[in-house]
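Please read through the structure below; I'll follow up with questions.
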């Protein structure tokens, strides 16, 4: 019955997969083309989009967004790292404090946190700064500082969790080896535990940074002049709302897209010593 | 020299740790007490906070927030699961499509996505619904549907990644065992791969749901009547901004706090078959 | 058990592998392998590490694509079919899934469904692929588990079973689909010595029902006792294919002779 | 190498363990262990699995807290100090870290710093704890690595070294701190037979420099050859403590005799 | 609409953040305000039912373009910058009214020079303040005032309450409501520093323009407009020239 089958070479076999792939490729390309066409012929006035894309206030907004994202990320990393280390110290009081911090800041919308920092004067009309004296809170709580504290402390709650998992990912034997060459806990952390935790911590931190870029847009609410804020100022005056929103979308997407390969190379670099 | 040391029982040894702990406990309690005091005597009018805590529109806002968070999470899960499965099918066209979707939706602020959905009419003035006919987009894109699509599609991008890592976490041998008892890819997914991926997927999905609760607050921008939106309506009228923000903060925190043990029990349940 | 059904089929080549060739990229793994398994026979596949034994089994089971040759099970060409034009086309995933019902496979690493109990593992195929009614599927699954000596452990999860117990559940799971050929890929090499004996005993039991089997193994005792035919592979080719008795008494290929000497020698040393 | 420095110290008890007791919750792991190690001696600790050997070593190294008893290294009470009131108080973490410089430890699982090369591993302590100038620290590290036979592998990362090579780096790392006592916790039990020999050779070399050592091991040959004293533990207590020759020729405790018989018996069988 | 078919509703966009023009009653959540009443009255006059759609301020501008709403009646200022996109029918006089805190010592206009003033970003007040500052402060060789653009007028008042700014500016028509509600927190400072108009806004190509203008004229004639003004204590803001 099947004695006559001779299939020495399968390269002539008709693969259904290829056919499906061609069909789906054509389908997807057609869909994308149709979408682009629909946007192009829509009510959106593209000359406004292209005009405002590189306008000075928007570029300043891009710079302000990057400045805030980087500053808040740095603050958040410092907080997160400190709290993760404190949490691992074993003191139950500090553990509870850290757990409470994470709960509070992860449990409320960032926008509320920003508004509360910005309006801290309602609670503390004056703040006493060591070595400087008492200042009026409203003078101190500029949009920049409020956004920095709001975004940084919120981010810190997430980074605490990331750092905690990074620290616990390092084998306990590494810490014991540190002890046996006379290192204190902090020195061991600095020289051995943290460098090793970095591998685990870098990918989620990269994701958090990308989230932070977009989160920065919330600080427009408290007058921090980032991209969205400056775009709003333009559309409040000229009513070209959608066009300016597309401009902001373009810039966020650009920043994020530029950062992704950076993240990739950073991860690769960190992993270098390991595999090679 | 040390011959006289007799330390049969260390329970009488003075532990510095305990002393440190007591000091830190007192310090932390004092700080918390001071904070509570500062808030209590501040400009914040607490009777407004307590009055508006249970007012009808706020309670409706809580219900709307939950409804939206659950709906958008469901939509996001369906999308994320579908796309993760599609991505694993190996067709490079679909893989590119999924990668593009994830890139686009993770790269732009959610608020922009919400606004674009709500204003879809600018691009597509009419939408043709199969079995119903053409409808005006502005009639179709209610605040609810726009928020659902905006939040759901954004969430879908994140859930795609989660589901992908869940699916790849299941040993390939499980899939091959399915093949050998005659299962198709979809049946294997449904009966074996997904139930096993669930363990890996439930914890991050829980975190995403908690994020989603807070993200819902952005849909106040497109008039979806969630907590923040209804609170804003009140403070626009009575100017008690901080008081009403505290009310919203209270409710978000309450929802999140109630959900955390739910997540914990769900994780425990899912893990049941494994360890025991 | 399934013995009666299978015994009813007249003795004839139940499996034919013709000129199978397979490569990953530019490295050739199987270089034109051909062999035939008769109904009710047990073929043992021997060979050094990396000689392509696992790959051969996986190609027969259609878990790998091969670049040349064909696999015919009980007269049915696997994975491909002739088109009217005279050319061949690849079968759809659904059709291949149906064809895989002809072969059962037991893996080195068991691959039991870890979220299901032993009996659920065995029922899974009959219930959801063959659409057997639940009560009947369970009854048959219990019978099979009893038969492999696991009547007491039916409601245990794989993690609660020893390696040998898991492998016996895996055998029961494969048998539950009533395949025409059973493929075993080093079923005992991940087990402790005690478990090995139990699993081999169950495999003998399966062979005794008249099941056609291909067994990749390093267990010479089993091969000598149970196999009707021994195939020896080296570097992706079958270099010797002989009746069991002949192979063990006088292997003709020098590689096979070497292999036999070293394996039996090592055994002798340990005992 | 370090031999000269160490040999300068007059022979005297370099380590005393007195009535050490340790429990996890309600289960008692060490039940009043006492022993003494003289300057330049090698003490081998034998005993069945779970008898408390690792725990004893970890208590000596102050990696575990114990509920009773004391550890005195070269006259210095470890981990605690007398207060004026006559009571004792726990030393601060910093003080204990300084005290740990007296003891070096080699772990069963090597525990090399995986992000540092071999030479960086060895330099790490001198450079960052003892504040030795970098050039000098590197010179000394290289000398130690040459001495343990790894002169060729200094710039390799742990992942690029075999288990035995890693363990030799670990020994060099411990020696670089010039400890007064070296503690070895089954340093060869995670190694392949070939590596075992090399690591034991290096340990003999270390012993030959006059280093005081406590070695937990199952290598009877090493114990017999190198140890001056053998301690046998059972269920958290030292049941026999005798000079090496005496222990191996005529163990007085029945458990120790059993253990010796079974271990040496097993060896004999394999050879 | 043909005979017998109900006329299509007039869809009016409102951003209810601006009492007493439009807001939700805190307790009941009910939408109310002058603009709301005015929209319904206008619809009655035109013989069309009214459907109110709420949206954020920028969203209103999009909605009138995308056709989700027919007109905006939402305290929207008729400004030259917006005339490129929108067509206006003025219905209420408005002015930029400065507010200072109840305890502020300011009495003269030059007291504000060098100070900071908050104004909602969606309004034209920032520009007006700069013009005013040039006239009052720069001309008097005094430091200029600094304008802070807030998210909305509620936030502008919040900044005043905190003391972050020395004054806030809002539409003259809304001030009375706040002074009634906030007791001694704020007080008016100087007369309005500008005159502007709130306007009904629609697309340039809207077919409703003539119909609405005629209906509004009719309301003025038969006193419906005036009675609405009375209801909301806005008689001073009438657009009818006296």
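Order as written gives the chain letters A, B, C, D and E; numbering starts at 1 within each chain.
Assume contacts are C-beta pairs under 8 Å (C-beta built on N, C-alpha and C of every residue); 3 or more make two chains touch, one makes a residue touch a chain.
Because the structure is a prediction, the values reported are computed rather than measured.
The interface with the greater number of C-beta contacts, when A-D is set against A-C, is A-D. Between the CA-based centres of subunit C and subunit E the separation comes to 82 Å, rounded to the whole angstrom.
For the pair subunit B and subunit E, the distance between mean C-alpha positions equals 38 Å. Distance between subunit B and subunit D, defined via averaged C-alpha coordinates, is recorded as 51 Å.
For subunit B, the set of residues touching two or more other chains reads 17, 43, 115, 119, 122, 125, 241-242. Among the residues of subunit C, none is in touch with two or more other chains. Chain contacts: subunit E has residues 59, 62, 65-66, 158, 161-162 touching two or more partner chains.
You'll find the chains touch as A-B, A-C, A-D, A-E, B-C, B-D, B-E. Touching subunit A in their complex are the following residues of subunit C: 16, 18-19, 65-70, 72, 75-77, 80, 83, 87-90, 92. For subunit A in complex with subunit E, the residues that touch the partner chain are 43, 119, 121-122, 125, 136-138, 220-223, 232-233, 235-242.
In the complex of the two chains, the subunit E residues touching subunit A come out as 57-59, 61-62, 65-66, 81-82, 84-86, 121-123, 148-151, 158, 161-164. Residues 61-63, 93-94, 97-98, 100-101, 103-105, 107, 109, 111-115, 124-125, 128-130, 157, 159, 170, 173-174, 176-177 of subunit C touch subunit B in their complex.
The residues of subunit A lying in touch with subunit D in their complex are 171, 173-174, 176-177, 179-185, 187, 191-192, 195-196, 273-276.
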